[in-house]
Amino acid sequence: MLQHYGPQLVNLFAAVLLLLSFAMLSQRRILSLINLYAAQGFVLFLSTALVAWLTGQHHLYGSAALTLALKVIALPWILHFLIRRLNVKWDVETLINIPTTMLVGIVLVILAFNLALPISQLAGTVTHSTFGIALASVLLSFLMMITRSKAVPQVIGFLSMENGLFFAATGAVYGMPMVIEFGVALDVLVGALILGIFVFQIRERFDSVDTRHLEKLKEH
Amino acid sequence: MAPEIALLLASPLAGGIVLALFGHRPRAAEANIGFSLLTLVAAAALVARVVADGPVTVAGEQFFIDSLNVFLVALTAFVAMTTAMFSAPYMRIERDHGRVSAGGMRLYHSMYQLFSLAMLLVLTTNNLGVMWVAMEAATLTTVLLVALYRTHASLEAAWKYFILCGVGIAQALLGTILVYFAAEKILGAGVGSLLWTHLDAVKDQLEPTVMSIAFVFLLVGYGTKVGLVPLHNWLPDAHAEGPTPVSAVLSGLLLNVALYALIRFKVITDGALERPFASHLLMGFGLASVVVAAFFLSRQRDVKRMFAYSSIEHMGLITFAFGMGGPVASFAGLLHMTVHSLTKSAIFFAVGHAAQKAGTQMMADIRGLMRVNPTVGWGLMLGTAAILGMPPFGVFASEFLILTTAIAQQPWATPILLVSLGIAFASIFGKVQPMVFGETNARRLPHPPALVPVFTHLALVLVLGLYMPPYLAAWYRQAARLIG
Amino acid sequence: MTSVPGLVAQFAVLALAVLLAPMLTGWVNQCRAWLQNRSGPGLLQPYRVLDKLFSKEVVLAHNASPLFRGAPYLIFGCLALAAAIVPKIGTDLPLNAAADAIALVGLLALARLFIALAGMDVGTAFGTLGARREMLVGFLAEPALLMVLFTASLISGSTSLATIVEVLAHKEFVIYPSLAFAGVAFTMVSLAENARIPVDNPATHLELTMIHEAMVLEYSGRHLALIEWAASLKLFVYSCIGLALFFPFGVAQRGDWLGLLLALPVLGLKLAVGGFLLALIETLSAKMRIFRAPEFLATAFLLAVLAMLLHVLLGG
Amino acid sequence: MEPGPLHATLAAAAAWLVIGAAGLIRPRNLALSSRFLFPAGAVVGLALAAAALEGVFSAPHSLVLPLGLPDLPFHARTDALSSFFLLLLGAVAVGVSLFACGYLRPGEGTPPGLQCLYYHVFLASMALVLVADDAYFFMVAWETMALASFFLVTSDHQHAEIRRAGYLYLLIAHVGAIAILLCFGALQAGTGDYTFDNMRAVQPSAGYATAAFLLALVGFGAKAGIVPLHVWLPEAHPAAPSPVSALMSAVMLKTAVYGMLRVTLDLIDQPLWWWGVIALALGLVSALGGIVFAAVQTDMKRLLAYSSIENIGLIFAGFGLTLIFRGFGMGALAALALTATLYHCLNHAFFKSLLFLCTGSVLHATRERSLGKLGGLIHRMPWVAWCALIGSVAIAGLPPLNGFVSEWLLLQAFLLSPGLPQSYLNMLVPVAAAVVALTAALSGYVMVKFYGVVFLGQPREPKLAEARDAGAWERTGLAWLAAMCIVLGLVPATVIGLLDPITRALTGHGMASLAQGWLFLAPLQPERASYSPLLFFAVTALLVALTWLAVRAFYHGRMRRAAPWDCGFPFQDARMQDTAEGFGQPVRHVFEPFFRIEQHVPSPLDARPSYREVHEDRLWYWLYLPVARAAEYATSLVTLLQRGRISVYLTYSFATLLVLLLFVG
């Protein structure tokens, strides 16, 4: 039965992933932002596991496990730990208001779909149609980083972009070879750690985590 | 695994680990130099081997050395070693001034070695995925170094450096995925279709539309690391706020390595598409970088920031040269890469000492270097003359070749290039001259500055300007043919 | 024609010019006296002045340098050579090949340079003031004179004075409008150069107005005599140039000995008429303010350039 | 191949480089460089001059050096034109190096060893510029010359205005170099081969040739100091030590003239006539502008620098005339004009370096450069005074000396040219001759001011009393240059014989007919015009001797010293002499529109009345400041790209990505 509904399920997971990206774009509270990121990680894990089971690509099980460990458990825990130490539960104000961000998001999704059309037609994989969605989620997380002025949401935007890339990889080519998966995962983990350290140093130096304080280096 | 490459990669790794533990010890700087020297010896051995029996693939085609990346390996190892020599007294003075803690010294030395490991990995690997991972590692190692002083500005610079480069490299990952996607159709799944040598063999069968989209992502990705203009904003802050050895290595080497990666992909994309899409993009970005950077120069007040913009301008010129393509232009691009990294690192060494001596990086407060310490003054003056393309030095030789080919192939671009080079000359020389000449009350520093690296670099650049040893010329021509 | 008779003729002409020059100055002063209805000191007065000055002892300023003492001899030598070069009665003298029109102007400029330097040498206010004014007149008059000579040489096709006189004198008579302009310009230039009334008063020692006299204020004895003699030689040279360019009739043909002798009285007559005209101009006009002199000379310069343009336009 | 003039030149350049490097051994030791290295430099200069003299008459030699780029090694070549300029370089280098031996003093600006290095690298690079035979070698030598002279100009760099002068000089030199590089680009017309032989072979189209000529005019004009790009010259020459400013004025400006001749008459074979009109116009404007500004200067070295601009203007006017004649195919007249141009290059090299060296001696004796604080030096420095007199008479273009000969040739070229087919041009040439005559007269005025105020009259400052005359080395240098001025003035026929191979090579017509035997000088035919300096000098000397003897014989030689005439005012002192500003006042009054004058005249009620007058070059306000303001505005626009906000930076990279994707998709 799973065999028959497999491709629709993968498309469903892709749609949910896109929905989560939109939700993160419009989210005000930081805590729910982190939970949404964890949810996105979980959907990615399910989709990878499903594809692994459908296509019998055993190395995808490994990458699914890696996603689960890293993007569902480790990183959200680090982010929660960060929020608790900085005791910041304030809501997140954005540079441009939410409705316009959503509009821009929609335009980006249309652009991503058109762009991905030729590639998805060429892709032989069962999940070829999801490449457009993956590209859209990458662009949306890019937009999220631009519109957020606080440091932590920018970090979350960066991490969700990594999710989008992983989804694109599984969508187009059933994931990159294992050694690359490990390398990328390691880089993302170290990156998150370093960003955490930075947020602490910025907090200690500027006693606020708003990037608007980080505007001294400019041309006069 | 061929012994040279093993040693080449093992010594910085070992250095990184050892110095992570003993980095704060007084003898740590000498150890740092030792490890870099070991790497240089390995690189020399590798060069000898490649010169002797041509391109070599090692360890099941995971590593691939040909004439293009072997001279970059040699250059990276050499400049890393000289920067280590320069950083010994420099960091000791910074330590005495209390700007760097014991932990900071440990972090500095270990990250320094890991950074050279990352760069050498990018240069030697044949696997495009590993290349991406190594490039990301290079960014990670340097972002902490940029924030070493924990001042207001260095934190801001590090944050911007990380966010912008992180986003940029994410695009590069998407580009690599697409290249893998296109290659997989012909070479089948698995690591095989990520190896550059395989891709190079089948590059004309690759799917054109996918390759063009992939090249766009890669250009935005690695272009951010090279500092091409619309994506350059992080570069001046990162190069100016970190400790000077870091700025020297960033400006001198990391930009070259990023451009090398971009060139590797350009070779494949050119093969895949018949129309010169990739070359036109490179030329466009290169020209924009030269023009915009030239205009930035005259607004600068911080000396390292000014030379960071000069790096953007020179990288733009090199990208323009590779964009033009053809044997002479590529030859000039490679030559310019070499002389630019040698000269720019020499300038940063001299600027480092000058800034330490005057206690500030603001050009208005640095005066009369010739009076206080003639060697630093002369180092800065000759370095500036070299970087501005004054003839006896090698930078003029490569600029002459680039401009003459530009006159032949793209006559419309030449006046624009020349005007911006002229403006750059006017602004940089106008600001450096008062720094070097004139009266001052700056005091001498306890530790004598290590200026051997400055004058070895400038001597090399002078030699390249006047007399090109035939084997080096043959080497560059071979690499230029490879780029096509 | 470097044969011996040629050299003798050349030396005779030179001696004649040097000796007759003070006579011309005397004649001009005499005419001026008559025009101002006073009797005047007589024709030979300049010779008497020269003789008196030569016999007086030289009084030299403490600050005077060897240049101050040597300058009069050099100035006198230059002007004597100039007198020898300008063709007065014959056109085939050996010295003609040595210098042409441009060299003549150069020679006069050399004399002016040294007299100005001598004026500045003693270091008093008058000397430097005079030198400055002399050079002001000089740097405007010299190009005008050069342009006048160029007009003549364009007409005759050569800058050698002998050829110019030959072409103008012996070819058939043609009205040259460009020469008319050149003539007016030449008269204005010669008035300025010889320190005559409109630009400078030769007789006065009034500090505010004197140009030529201010420079030679410090000279005395034989040096002053030589300077005075040189000044009259200069007037003689300018008159001869004027006659050679604009009234060249009566000059002997090449190699015609008899004509040479006949030309002498004709020259004397022409000089007398010229001297009288100069005296007439001097009595009729008053001295201009020093800063009107540049406009006066600028008009002379423009007239001379206009003459050249006319020649190019009308071909004659 | 047997060692010809080319090998000698390269050997001389190498020798100079070695001497320069030797200076570095003990930079602080004065005796080493002044007693040993500079004389060696002078000897090398003499050897170079001898080799060049032989080179002028021999056939062109060429050679490929192992240095340079792999596919464009250095090509070197000597032919008649380059040998002539090498002769000029060698001869002047001898005089200036000898002078420099005595001139170096300890504790003045950079240590003597370093100055010896810059000086000899400067000489070597000029020699290499003259033998370079491909674009790369030429550019390397050209900019090394600029760099070496920059370090010489800023040798005592503690004064701010010297640094400013150095910067301005190198900036305009760099702009010139860019134009020259573009000119070579246009000359190779797409063949990609940058050797001069290829440029001679390939016939560029009219458009490329005109572009090349105009770029060469800008490039070489910037280095020569032609009017729009001349502002660096009056700043840089006075800032440099005197031997250096002598060398820069005498030889470096001539390398620019050499470059112009090489590009226009050798590489572009068929010049168009209207190029000549541009060069003629620019030359005349520079000449008149230069001399008018020279007349109002109060600093003796600035005065000489502006006079250099005037002489270069005359040279470019002659060059313009050559192009006009060449354009209309009148070979003989072109040869005459070219002979006048080259002769004036030679003359200017000698009398200008002589005058700069004299100012150097005065500067060292009195430590004073402004004319207002000098005077009466003829009594204490007779040797320097008499050499300066020879230089002044020569530069004023007065008969017995060399200045007059080249001026005479130039005026003859102007006069013999009414046969031009272009009607406008026929009108223009007389006006041009008028401007040349006016400039020559003005140069007389300037030299009277320079010589009179510095050497004659009473000393304006008490401390001038202990001024000592020049040392032995300095005297030999001055004597050598003065002797050359006199020789070039008295025997022009032999010098014209030296120029004949060059004019034959460049314009196809020789000027052998010009020299009627060694005595007379008559262009085309003797009866048209002839001038014999030797006869002229002999007769003048004879007349002077005769008068002196006659006065001694008929009268007496008694003489008595007394106080000068003070017109009854007893308190006359040295300050009452005419000052430099005063002497320049008539020219300032006549040429009012040339200057931008700011005058501060004290009011009658002023407690401490002071008179200050600043007159500047209008061009500075019409051309240079607007360009600087435009550059300032452009850079302020660019800073909008970097306002410091991270989200804006992210938007840039996002927008670039989207645009490219749209473009590709």
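We just call them A, B, C and D in the order they show up, numbering each chain from 1.
Here, contacts are C-beta pairs under 8 Å (C-beta built on N, C-alpha and C of every residue); 3 or more make two chains touch, one makes a residue touch a chain.
Since the structure is predicted, the reported quantities are computational estimates derived from the model, not experimental observations.
Among the pairs C-D and B-D, the greater number of C-beta contacts is found at C-D. When each chain is reduced to the average of its Cα atoms, C sits farthest from chain A.
Centroids of chain C and chain D (each the mean of its C-alpha atoms) stand 36 Å apart.
Computed from the mean C-alpha positions, the centre of chain B lies at a distance of 44 Å from the centre of chain D.
Per-chain CA centroids place chain A at a distance of 31 Å from chain B.
Distance from the chain A centre to the chain C centre is 103 Å, each centre being the mean of its Cα atoms. Counting partners per residue, chain D has 638-639, 641-642, 646, 650, 657, 661, 665 as the residues that reach two or more other chains. Counting partner chains per residue, chain C has no residue touching two or more of them. Chain contacts: chain A has residues 115, 142, 145, 154, 211, 214-217, 219-220 touching two or more partner chains. Contacting chain pairs in the structure are A-B, A-D, B-D, C-D.
On the chain D side of its complex with chain C, the touching residues are 375-376, 378-379, 389, 393, 396-400, 404, 407-408, 411-412, 415, 418, 426-427, 430-431, 433-434, 437-438, 440-442, 444-445, 447-449, 451-453, 456-458, 520, 526-532, 535-536, 539-541, 543-544, 547-548, 551, 554-556, 558-567, 572, 574, 576-578, 582-583, 585-587, 589-590.
Taken together, the chain A residues at the contact with chain D in this complex read 95, 111, 114-115, 142-143, 145-149, 154, 211-212, 214-220. Within the complex formed with chain B, the chain D residues making contact are 66-71, 135-136, 139-144, 146-147, 154, 157-158, 160, 163, 166-167, 170-171, 174-175, 178, 181-182, 185-186, 188, 190, 192, 194, 631-632, 634-639, 641-642, 646, 649-650, 652-653, 655-657, 660-661, 664-665.
Residues 127, 129-130, 132-133, 136-137, 140, 143-144, 147, 150, 152-153, 155-160, 162-163, 166-167, 170, 173-174, 176-178, 180-181, 184-185, 189-191, 194, 207, 209-210, 213, 236-237, 240-241, 296, 299, 301 of chain B touch chain A in their complex.
If you check the complex, the residues on chain C that touch chain D are 54-55, 57-63, 65, 67, 73-74, 76-78, 80-81, 84, 95, 97-100, 102-103, 106-107, 109-110, 112-113, 116-117, 120-129, 131-133, 135-136, 138-140, 142-143, 146-147, 150, 153-154, 157-160, 163, 207, 217-218, 221-222, 226, 291, 294, 298, 301, 304-305, 308-309, 312-313.
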